[in-house]
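Okay, so chain A shows up in both of these, paired with chain B first and chain C after.
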Partner chain A sequence: MLLIRESEENTKNHFADGNIPGFVHLYIGEEAVGVGACAALDPDDWIASTHRGHGHCIAKGLDPELMWAELFGKRDGYCNGKGGSMHIADVEAGMLGANGIVGAGPGLATGAALTLDYKGIDDQVALSFFGDGAVAQGQVHEAVNLAATWDLPAIFLVENNQYGEGTPVDKQHNVENLSDTAGAYDIPGVTVDGMDITAVNEAVAEARERAVNGEGPTFIEADTYRYRGHYEGDEQVYRDQKEVERMRERDPIESFRNRLIDRGELTEEEFETIQTEVEEEIADAVAYAQKADAPAPEEAYEDMFAETPPEIQQFATQAMPDGGHGGESR
Partner chain B sequence: MTAQADLEQRPTEELTVREAIREALREELERDEDVYLMGEDVGVMGGVLEVTGDLYEQFGEERVRDTPIAEAGFMGAATGAAATGTRPVVEIMFSDFMGVCMEQVMNQTAKMRYMFGGKTEMPVTVRTTEGGGMGAASQHSGTVHAWIAHFPGLKAVAPGTAASAKGLIKTAIRSDDPVFVFENKMIYEQSGDVPTDEDFTVPLGEASVEREGEDVTVVATQRMVGESLGVAEELAGDVSIEVVDPRSLYPLDTDTIVDSVEKTGRLVVADESPVSYGVHAEVATRVMENAFYSLDAPIQRVGTPDTHMPFSTPLEQEVLPDAEGVRAAIERIA
Partner chain C sequence: MARVGLVANPAAGRDIRRLTGGASVVDNRAKRRVAECVVNGLTAVDDPPAVAVMPDKAGIARHTREEAPPGVDVEILDIDRENSAADSRRAAARFREWADVVVVLGGDGTTRDVALEVGDVPLVGVSTGTNNVVPAPVDGTVAGACAAVVATALVDADAVTRRHGLVEATVQGDGTSLTGLAAIEVTDTSFVGTRAVVDPSDLVGGVVSRGHPAEIGLPAVAGCLGPLAPDDPGGAMVRLSDPDAADRTVRGLVAPGLTTEVGIAAHRRLDWDEPAVFEVADGVIGADGERAVELVDATVEVAPVADGPRLVDPRSALDAAGEAGVLVRDAPTLDD
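Showing the complex of A and B:
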């Protein structure tokens, strides 16, 4: 959680300084969900993420250096600079990508679970993170229905951060709890405190147990809160900053730290040491990414297909060294 | 070599397009355990147009999977499954239903490899039926292959003969790229010689010269291949017509088309999709770019005149491109 918080604070600053192109959606405040969930998974399990995916990447064990290289659009980034913040992926690590389409993850996770089921792999699962906004998307329901009907080893985890972009959750949904929708598919639906890493962890562990036992998917809603806007630059006209301050009093990192200290499992000094290590790790990752090479213009023509068709090859041969494109004619 | 000459060198059997597709699916299911079929009523019912037939009986419900009526759900799942190590073959019952799952197709299936820096495979095959001619009206008769051929990250094939149907399906399934197979439903009963060799495939991006000629090139797809061959036969003696079936729309075999037009100097493009902004324009442009000075007459387009497919037979027959349209186009320039 500390690593995610530190990385995201740096992301905020580098975005503000103009070092990161495009859009970024920060995970600050929601760390307990990603970390609690991924801690209940095995390294071989699959996850599908969202546009707010940086926390999921770190929680799944992706390398901050390669993640930061991707944020800066560098060749060494996870996606060779082609994906950026909204598409960081590492299929090798079981991470099926952040996703710019709200509600796309559950379909992909259902597909990963289908692969597991089809191949008879009975000790792995696929978990999809998605937001409260995505619960209004038709494709989410189609995916959950398919996974439930086929008893696939899937876990559907809603990160209810109380706002679908700029609209509060109660103006987007008729149900009291988003987990109530699980009833439509006759699968367990639970709502847990998403600011409490232990609560999330236990719910996902239980869902995982069901999944690997062939009992099918579980729908979990984790109530959480994002401290920043929907995207960096969002003026947040839809909420009072006093609400943000109130929620910060339930900060997932603070509360977990205090609990560990109260239980005598952590000292203030140990916490400070971890904090310092985390700052150094992210500083190193940022420094690595800043020094990494930008992709060459002609790399824009790579990675479209396993077998590149002549239609694309002809443009690749015309690529300009200054980044001007060569697609004027065939 | 013409497609016919190629076929004459192989052991063949006579199959309908429907049977050829089914045999291709059967052979690939037998060949590779990672391959399975999924779609609406492809299993117990054997497909609403009876293409998957007895495959369910042979391979069982795990490998020939009936899905809910939820194109977005199962197209998303097929994409996730393809990225994680299996090779799903999806049937979208009618191509009009592609609209229901275009999010998954355009934002997930097409883009994942590129967005991930090439670090995932996407071996998914999508079969779907196209075309008017059976009074199925506007939501079950569309021809949408130009969308897919246009969209980066997807490959599109559209067989016009039984042999190419078999060869293209097999290539599509073996490909690590997403390949969409557009089957015109009106030619499912059309018969032809099909190689029995299980390793017979048709490479993507390779057109076939279905009939050699000297005066006019007709680039025809799907049902229009047969219609054009009929016209060529009728006009033989008066006009010598070369019929080229691109078979693969993306990638498209520019060389075979250009070579033909350099020989004939005249081009008709016959494809059932709406004429504006589509396959006709792409073929015409490639010829203009590569064989402009060989052209002796304006390029002619034969397609659906930018309408939807109407229900009533006289209306449908009015807009459905056919042999008469191809003949009229040839007569305008030859």
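Showing the complex of A and C:
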């Protein structure tokens, strides 16, 4: 959680300084959901993420250096610098991708779960993170319905951060608890405190057990809160900053830190040490990414097709002084 | 005019036991209908009581007012809403001075929250929660009729209510306390997690204010060892152990959809205020089936305490109404 928080604080600053191209959506405040969930998964399990995906990447164990290289649009990044914040993916690490399309994650999770089912792999699951706004999207319904109908080993985890962009959740949904929608698919649904890592972890662990036991998908709603705007630069006219301050009192990191100290499992000094290590790790990742090379302009023609069609190749040859690298997929 | 308070907790009946046990989901639509039935049930008497409803985010109060039958005046209580258990407590505190009867739609947790603030106002509990020992699964209309006959004094409230006990846990040294209505549980889980006590093997023991094999959770376990009526004085302490190594085991209904063999290390009746002491190396104490306070190396005193809520027994209330002649009306004859 600390690594995510530190990385996101740095993302905020570098975006403000104009060092990060495109758009960023920060995960600050929601760390307990991503970390609580991924800690309940096995390394071989799959996750599908959202436009607010940095936290999921770190929670799934992706390398901050390669993540930061991607944020800066560098060649060493997870998508060779061409995806940026909203497309970081590492299939080898089980991370099927952040996703610029709201509600696109559940379809990927259902697909991954179908693959597991089809191949007879019974000790892995696929989990999709998605937001409260996504619950109103048609493709989420399709994905959950199919997974439920075919008893696929999927977990649908709604990060209800109370706002779909600027729309409060109660102005977008007729049910008070988004987990109530699970009943429509005849699968269990549960709402947990998304500011408490132990609650999220326990619920996902139960859902995972159901999935590997062949009992089908589970729908979990984690009630959480994002401290920053929908995107960096969002003026947040839809909410009072007092609300943000009130929610910060339940900060997932601060509260868990205090609990661990009360339990005698962590000292203030140990916490400071972890904090320092985390700051160093992210500083190193940022420094690495800053020094890394940007892709050459002609590389824009690469990584799009398994085999570059002749007309694209021809276009690249004409457009690029050196004729482009021509059709080699990285 | 007689007055009835209504507390309907939109958060009741949603915890993790829907994944781990056989608990069902009671959605807000169902709760709105139950609340509507309660208000309709009030028309069982000629001059129905006025109603005040706790405000809520799920539209239960608004629906109740909109669907109120003619002749029943429903207002929404004017209190600050936090969308948490604090709402139930705040509403109950207002009802302490205002209401003749309070109807509670929720589980043991909601009933406890109301009980802690409502004073001597009789409660009619309608179960919409999960691990319910106290509120009965009574139809909303029946609950409304019971509330009406008690609130209007057509029946004697003392004759149809039973005084429930409470259970209080105090952590030695730091003054932390926790109050349960039916039970305080001690578990050896490290964190509150999803709150519900999910795995019976996590239970170390606790103290109950009542027990019967037909109940659920720790009161069911205690009840198998010796029934304890809700209005019996005192409570009972139970310490659990590994069933394979125990001299005595009971087959307990530990959670919805879960019966399990539970080992009994000790069982003892307790007088009011007589504490059972639990040493908690690393555990959580809970109230009424919900883990609440994380503890490390703590000593906890748990004791039954008197003067809990007055609970209306629905069957007795309507029996009394029948005996009082308020349920039957004969047409006037020519001689009259």
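Convention: the second predicted complex is superposed on the first by the 318 of 330 C-alpha atoms of A that agree within 3 Å, B and C clash if a C-alpha of one lies under 4 Å from a C-alpha of the other, contacts with A are read in each partner's own complex, and residues count from 1 in each chain.
The rule we apply is simple: a contact is a pair of C-beta atoms (placed from the backbone, for glycine too) under 8 Å apart; a residue touches a chain by one contact, two chains touch by 3 or more.
Values in this document were obtained by computation on a predicted structure and should not be read as measured data.
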| item | value |
| --- | --- |
| Clash or fit (per the criteria above) of chain B with chain C on chain A | fit |
| Chain B versus chain C as contact partner of A:G18, first or second or both or neither | neither |
| First (chain B), second (chain C), both or neither touched by A:K82 | first |
| Contacts of A:A203 with chain B and chain C, given as first, second, both or neither | second |
| Partner chain(s) touched by A:T110 [first = chain B, second = chain C, both, neither] | first |
| First (chain B), second (chain C), both or neither touched by A:A306 | first |
| Touched partner set for A:G189, first chain B, second chain C, both or neither | second |
| First (chain B), second (chain C), both or neither touched by A:R259 | second |
| Chain B versus chain C, judged by how many residues of chain A each one touches | B |
| C-alpha centroid angle, chain C to chain B via chain A, nearest 10° | 120 |
| Minimum Cα separation, chain C to chain B, after superposition on A (Å) | 25 |
| Contact residues common to both interfaces of chain A (with chain B and with chain C) | none |
| Complex interface listing, chain B residues touching chain A | 36, 62, 67-68, 70, 72-86, 88, 103-104, 107-108, 112-122, 152-153, 155, 175-177, 204-205, 250-252, 254, 285-286, 289-290 |
| Complex contacts: residues of chain A adjacent to chain C | 170, 175-177, 179-180, 182-183, 188-192, 196, 198-199, 201-203, 206-207, 210, 218, 259, 262-264 |
| Chain B contact footprint on chain A (complex, rising order) | 46, 48, 77-83, 87, 89-92, 96-97, 99-101, 104, 106-112, 114-116, 118-119, 126, 138-139, 141-143, 145-146, 149, 302-307, 309-311, 329-330 |
| Residue ranges of chain C in contact with chain A within the complex | 10, 14-16, 18-20, 25, 27-28, 57-58, 190-195, 198, 282, 294, 296-297 |
